[in-house]
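One chain, subunit A, links the two complexes that follow: it is found with subunit B in the first and with subunit C in the second.
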Partner chain A sequence: MSAGRVHRPETLEEATALLGELDDVMVYGGGTAIQILRKQGLLFTEDYVDIAGIPGLRDLTVTDDDITIGTLVPLRRVETDPRTRRLVPVAAAAYGQAANPRVRNTASAGGNIAHGDYRLDPPTALVVLDATVHLASAAGSREVAVREFFTDFQETDVRHGEMITAITVPRQPDGSRSSFVKMRSLSENDWPCASAAVLAVPEDGFVEIRMGLGAVAPTTVYLAFDVTPDMDEQQAVEAALDIADSVMDPIADIRGSASYKARLGRVAVEQAVRSSLKELSRD
Partner chain B sequence: MTEVLPDAQPAGTRQAETEPRYGVGERRKRFDALGRVRGTIRYTGDEANPPGTAFVGVHRSTAPHARIVAVHTEDALAIEGVLAVVTGRDLHEVLGDRIYTGPAFADQPCLAVDKTRFVGEAIAAVLATDPDIARAAADEIAVEYEELPPVYDIDDALRGEAFVHEELRPSSVFADLAHLHGVRGTNVNYEYRQILGDAAAERERAATTVSATTWAPPTHHVPIELPSTSAWVDSGRLEMLSTTQTPSYVRQTVSDLLDIPLSRVRIMTRPLGGSFGCKMYDRLEPLAAALAWTTGRRVRIDATREDAFLLTTRHGARVTGSMSADADGNIVAVTSDVRYDTGAFADVGPRIAAKSGLVAPGPYRIAAVDVRSRCIYTNKVSAGPFRGFGVPQVTWSHETLIDELARELGEDPYRFRRRHLLREGDIATVGTKMHSADFLTCIDEVTKAVGWDDPTPRGDGRWVHGKGVAVGMKAVLTPTIANATLNLNQDGSATLLISTVDMGQGSDTIMSQIVGEVLCLDSRRIHVVRADTDATPYDTITAGSRSTYHTGNAVRLVAEAMRSKLLGFAAERWGVPADELVLDAQGVVHEAKELRDSLPDLVRAKFGARGATVTTAENFTSWWVPYDHDTGLSEKVTEHWFAGAAAVRLAVDTWTGRIRTQHLAIAGDVGRAINPTLVEQQLTGAAIMGIGHTLFDEMVFDQGQITNATMLDYQLPSIKDLPEKLTPVIVESAHRDGPFGAKGVGETTILPIAPAYAGAVRDACGVRITTLPLTPERVLNHLADAADPGKAGR
Partner chain C sequence: MNEITLDVNGTPHKVAVEDTTLLLDALRRRVGVTSAREGCGVGACGACTVLAEGRSVSSCLAVAVRYDGTPLTTADGLPEDDPVVSSFVDSDAMQCGYCIPGFVLMTKELLSENPSPNDEEVSDHLEGNICRCATYPEIIKAVRLAAKRSAT
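On to the complex of A and B.
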């Protein structure tokens, strides 16, 4: 394993310049994924741009409408910050179940989604909340809806020369209720076999059910449907399972067969939908 | 890194009488607990590398079974910083067939010579100035293979079409294997039989028979500390610092490998950061010795986490067994066909096949048994010792059988076992009398702890609840040898020299407690020297829970010899018979004449010097009666027995198959707890490891290649996987010959965990699972089969 070159820019401009100039280059944030992949001989990138020295990337800012998570904010902070817990509880819940506390203290919010793994927990919450990813390059900046961000298996919309600077997450709508459920097949600390973030948004007698599913398809999946006033909880669950079934395409591995993972996906969806609707009915 | 010692008590004061001495039976923290937690202990890999050290990178085989046609080393040699590249053929030219080492069979080349036998076998070694260069250069080596038919598993091996080794080559270590020399055309390197009565006839006559084929997969030890070995030549001697549980064995192996006297080999150790059997016998040491000796360089080999998975595993084992009862419910017959997959090298597999085969019927009163236990070569990573030494795999069988037999007869699994368990003085099926193996108290205590007779919750439709119980029986490795040398220092402290390796089990702490108890010293004033074959005496191995009993006895004897010697000094000084003298916490005393001397004064008076030392040395060797040639029986097959039990209450999620442990209780008969705190920790630690083996711990192979040899994919129990409640129970049925009645404890409670869980799953949802681990998917598949009328009753 070669050591790789590490660049330590002090401004965003320097960083994006490096990312644009260098051929085989990767942003180094918390390092939790990069270190493992390098150690396993799966990642041979030559140049790393360590963005730890760039000011402002660690900020977590709140406005009347949303909350913006700087790319270097540790997952643990999204999990535990009182503002995220209050304003985007489904995100706090999902971030709080990634890996283990040591990893969450180190891994960064931007690096997490840049990794693009189909099993990640945080993206399930980000898609139901309709978050926006902020990208910067030497040419300027752009925004991408997180629902469009995960393009294919282990692939994202981050282009050569770009880096994630922040994620903006709209506040959970007033009166909405949410739930995050993660199913593991082996150790309790393991990657998920299936996960589901559900946000139930009541509106004019209808309830919009938004679902983000992790680990059950090559990318994070976003789904939504309306629970009409004539449907009871059981019918809502069945509708959710029907629509979830249509997208489930799990990958078999040592953690389970495709059919078992799909089953866990259904359990996660059912639990999360029921839990959200129960919360709603209590209001 | 050690506890801060109190100042020495002023000589002769009475005050010391009330001070704690932390002797036998007292709770004392490990002497190095703080250092282990804070990371201030120096482990083997922490030692600095002197200038000139060559770091070793290993090129590993990508073929499961193949002839090595050529090894191309030019590209590796061209890399800057590469000092040398060594192949198996290079070493074979110098060392000849001595390159083949191993505790049972000389079948393990430190670098493959003419063929490779598993994916991951070491083929060539790069010596370089830097470890990263060494690893990168190892990747540049290219090997030409001529593929041979692979032997992936036990079935392939027994088909007898391809052979992992052309002929069997017993090593010189075990005399009883000599008759296997030169045997060709087999993958079975050892077979143990146990024949008691006529099991076939008894089974024929029996009222009820249950049968099961069980599978326990290979698993890995995953100690926190990775293996590391440094070796160098100093004044014509081979010196080595290595992570090993078996320094005395390694010394002999290196002596044989290099054909030099034992006096020219030195093996040094440091405390181990866990091992569980993976740092034993021939790991990195033969390669390090061969490279240092043939190149003259100081070499260092560090295993990566991924390498460690390729060094050794636990044996996967399949057991096909049956258990039969007569109309009164007496167990009249047990049959057991045990097949251990030992991988490419026998390692200590033949011993495992025998020592586990002999307890395969279980710790019960059984009229007739027929056991066949085989150790079988395959083209996989070599399997070796692992906490439990093969016994968890056969316990998985006999406890599955008796649980199912109890249910078949409509009896309670706890009370049915209790009725048939071996009692003190009973003869086990292997022919040896039982002593100090209190199964009844163990099973009574664990069932009591989990409230066995309390009603089981009905559950909510999704979660169902159940309870399970199991016992486990193991024989201590016999015969073995332990030696101890004790230096009493003039100031009344002592230095103990033994070759037991402290790997976290706390041996250094309890050995000092034994010395302190005999000599009435504060055990914290006794230092135990790390195993170093230039200084510490021969000890068979630190493994198999043998040290407390064997080395503990040598330590007790050496302390008693010291006491006699000290009383002799006082007798000579005062002109009185030694048998009128007593040693107490203040020193030597003659009550009638009111004579008293502290140890410091006594030793100083004897030698006329401060800092003088008094030395004693003792040996303890256990003995056995070898297995009868035809029946495998022995009237003394072991020095002592381990008896353990587990009871569990759990819930199964019928939606996902996931198991949640509500309460696990474990008990082990330890004879006498030298240090109850450390005993409870051993009982608990073994149980947690057993939980991993029960629920998800497994090395997954695909065509001979491990597919989950990383810490991302290999699963271990995390803190969140522990039972909601875990109760360790110490049972003390003193052994007549144990040091203060004590026996070992490290493996006892790993034995019964898996069958206790499987019994509880059976109780909760009516399915009997015989394949480990009990993954949620496996549980769910069984539930689905049970619900499917076409498959029910399988």
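On to the complex of A and C.
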């Protein structure tokens, strides 16, 4: 970061004022992605608003219904906190697979989704859990369903002048079971070539299967369908693969061709659906 | 410029840094710590690892001003009889040694959270550290030995 000005507001009001006034500006949260992209010569933002000095953004708060993750909560805390592990295990699992433990200590929950990359692990869990993103600007605050948040390739619904303040994640429904599967074609801590978070929610003999897919389309994808009482596990898996096939649109890169990623996307979906249903059947 | 205090291995160092100075550069150029090294520069190899309040940080991705007054541990601040340090030495867990401070500090963090990790947990925690000499089998042995020594 040789070029670039850094502003260090001490209140949310100061931060949102800066974000509104400055033209080419970015929030500096954990800073890991920003540092990497700058070093790679891919990011040339002039002004950064460092939000580390603003109180309250590191809080992790639990209510009877949900968990609210402050924007500066490190990914590793979502992975390891006993409350997230108990109440939103699919989120703890997905957050725990991002990058490596050391980067997860620094990278922030808000910055992760602001990055908006289609290969990120945490969004796959956030979409199945129907999380809500809290945004603040000088004009006030608003909430966006995370399922509407990732709008296009590397694009999110964060508008100029806004910053993410928190993510609220509903507790996993009683009796539900979940699984997160990440397929890697390069190193253990690399981006996935395909990933799938699955939440199986039983209700009146039916099982709702919610799926969040990563890396197999230009954005994180959310899909859901019902397993009816007459379907066995194999039929449920085939239904999941059919619906997943309909959205797969992988981007070829060094992690594999489009057909390779689609193939591994099917493997991830099958493993995650089978694992979730097997756990349900043990209950 | 910002005047900050880097608390390195219990010793405060007053240093002047730019807004954008990386913690790695502040430690090496201002404080004189050379056990934190630049490898990949993007958080993937672990050679620049330091502990901040006991938690591992890639100092190549961290700005120094964020660590004003934060207790930092670098590998050279550990005594020779530290169970992790002595276990790495006794296990011949190094050839060139460039990456080893990072492995040692990641092991300190792992054992503080999980005093008796299994091999999978060791691999999971050290997966973001790369050794070009491929001394991995000895590194795993060193971590196992360090867990034993730390328990006694």
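Just so we're on the same page, the second predicted complex is superposed on the first by the 281 of 283 C-alpha atoms of A that agree within 3 Å, B and C clash if a C-alpha of one lies under 4 Å from a C-alpha of the other, contacts with A are read in each partner's own complex, and residues count from 1 in each chain.
We take it that a residue touches a chain if its C-beta (ideal position, glycine included) is under 8 Å from a C-beta of that chain, and two chains touch if they have at least 3 such contacts.
Just so it is clear, the model here is predicted, and its values are computed rather than measured.
J.: Check whether A:Asn189 is in contact with subunit B, with subunit C, with both or with neither, and answer first, second, both or neither.
T.: Both: A:Asn189 reaches subunit B and subunit C.
J.: Looking at the overlay, does A:Ala52 come into contact with subunit B only (first), subunit C only (second), both, or neither?
T.: second
J.: Would you sort A:Ser257 into first (subunit B), second (subunit C), both or neither based on which partner it touches?
T.: After superposition on chain A, A:Ser257 lies in contact with subunit B alone.
J.: Of the two partner chains, subunit B (first) and subunit C (second), which one does A:Val6 touch, if any: first, second, both, or neither?
T.: Touch status of A:Val6: second partner only.
J.: I'd like to know which partner A:Gly31 touches here: subunit B for first, subunit C for second, both or neither.
T.: The second partner, subunit C, only.
J.: Is A:Asn100 touching the first partner subunit B, the second partner subunit C, both, or neither of them?
T.: Touch partners of A:Asn100: subunit B and subunit C.
J.: Shared contact residues on subunit A, subunit B side and subunit C side combined as an intersection?
T.: On subunit A, the residues that contact subunit B in one structure and subunit C in the other are 1-2, 36, 39-40, 100, 187-189.
J.: Where on subunit B is subunit A touching in the complex?
T.: Per the touch definition, subunit B meets subunit A at residues 132, 135-136, 304, 306, 655-656, 695-696, 700, 707-708, 710, 712-713, 715-718, 720-721, 775-777, 780.
J.: In the complex of these two chains, what residues of subunit A are touching subunit B?
T.: 1-3, 36, 39-40, 100, 183, 185-191, 254, 256-257, 260, 263-264, 267
J.: Spell out the part of subunit A that touches subunit C in their complex, as residue ranges.
T.: Those residues of subunit A that touch subunit C are 1-2, 4-6, 31-32, 35-36, 39-40, 50, 52, 76, 80, 99-103, 105-106, 187-189.
J.: Using the touch definition up top, name the residues of subunit C that touch subunit A in the complex.
T.: Against subunit A, the touching part of subunit C is residues 19-20, 22, 41-44, 46, 49, 55-58, 60-63, 66, 106, 109, 113, 123-125, 127-129.
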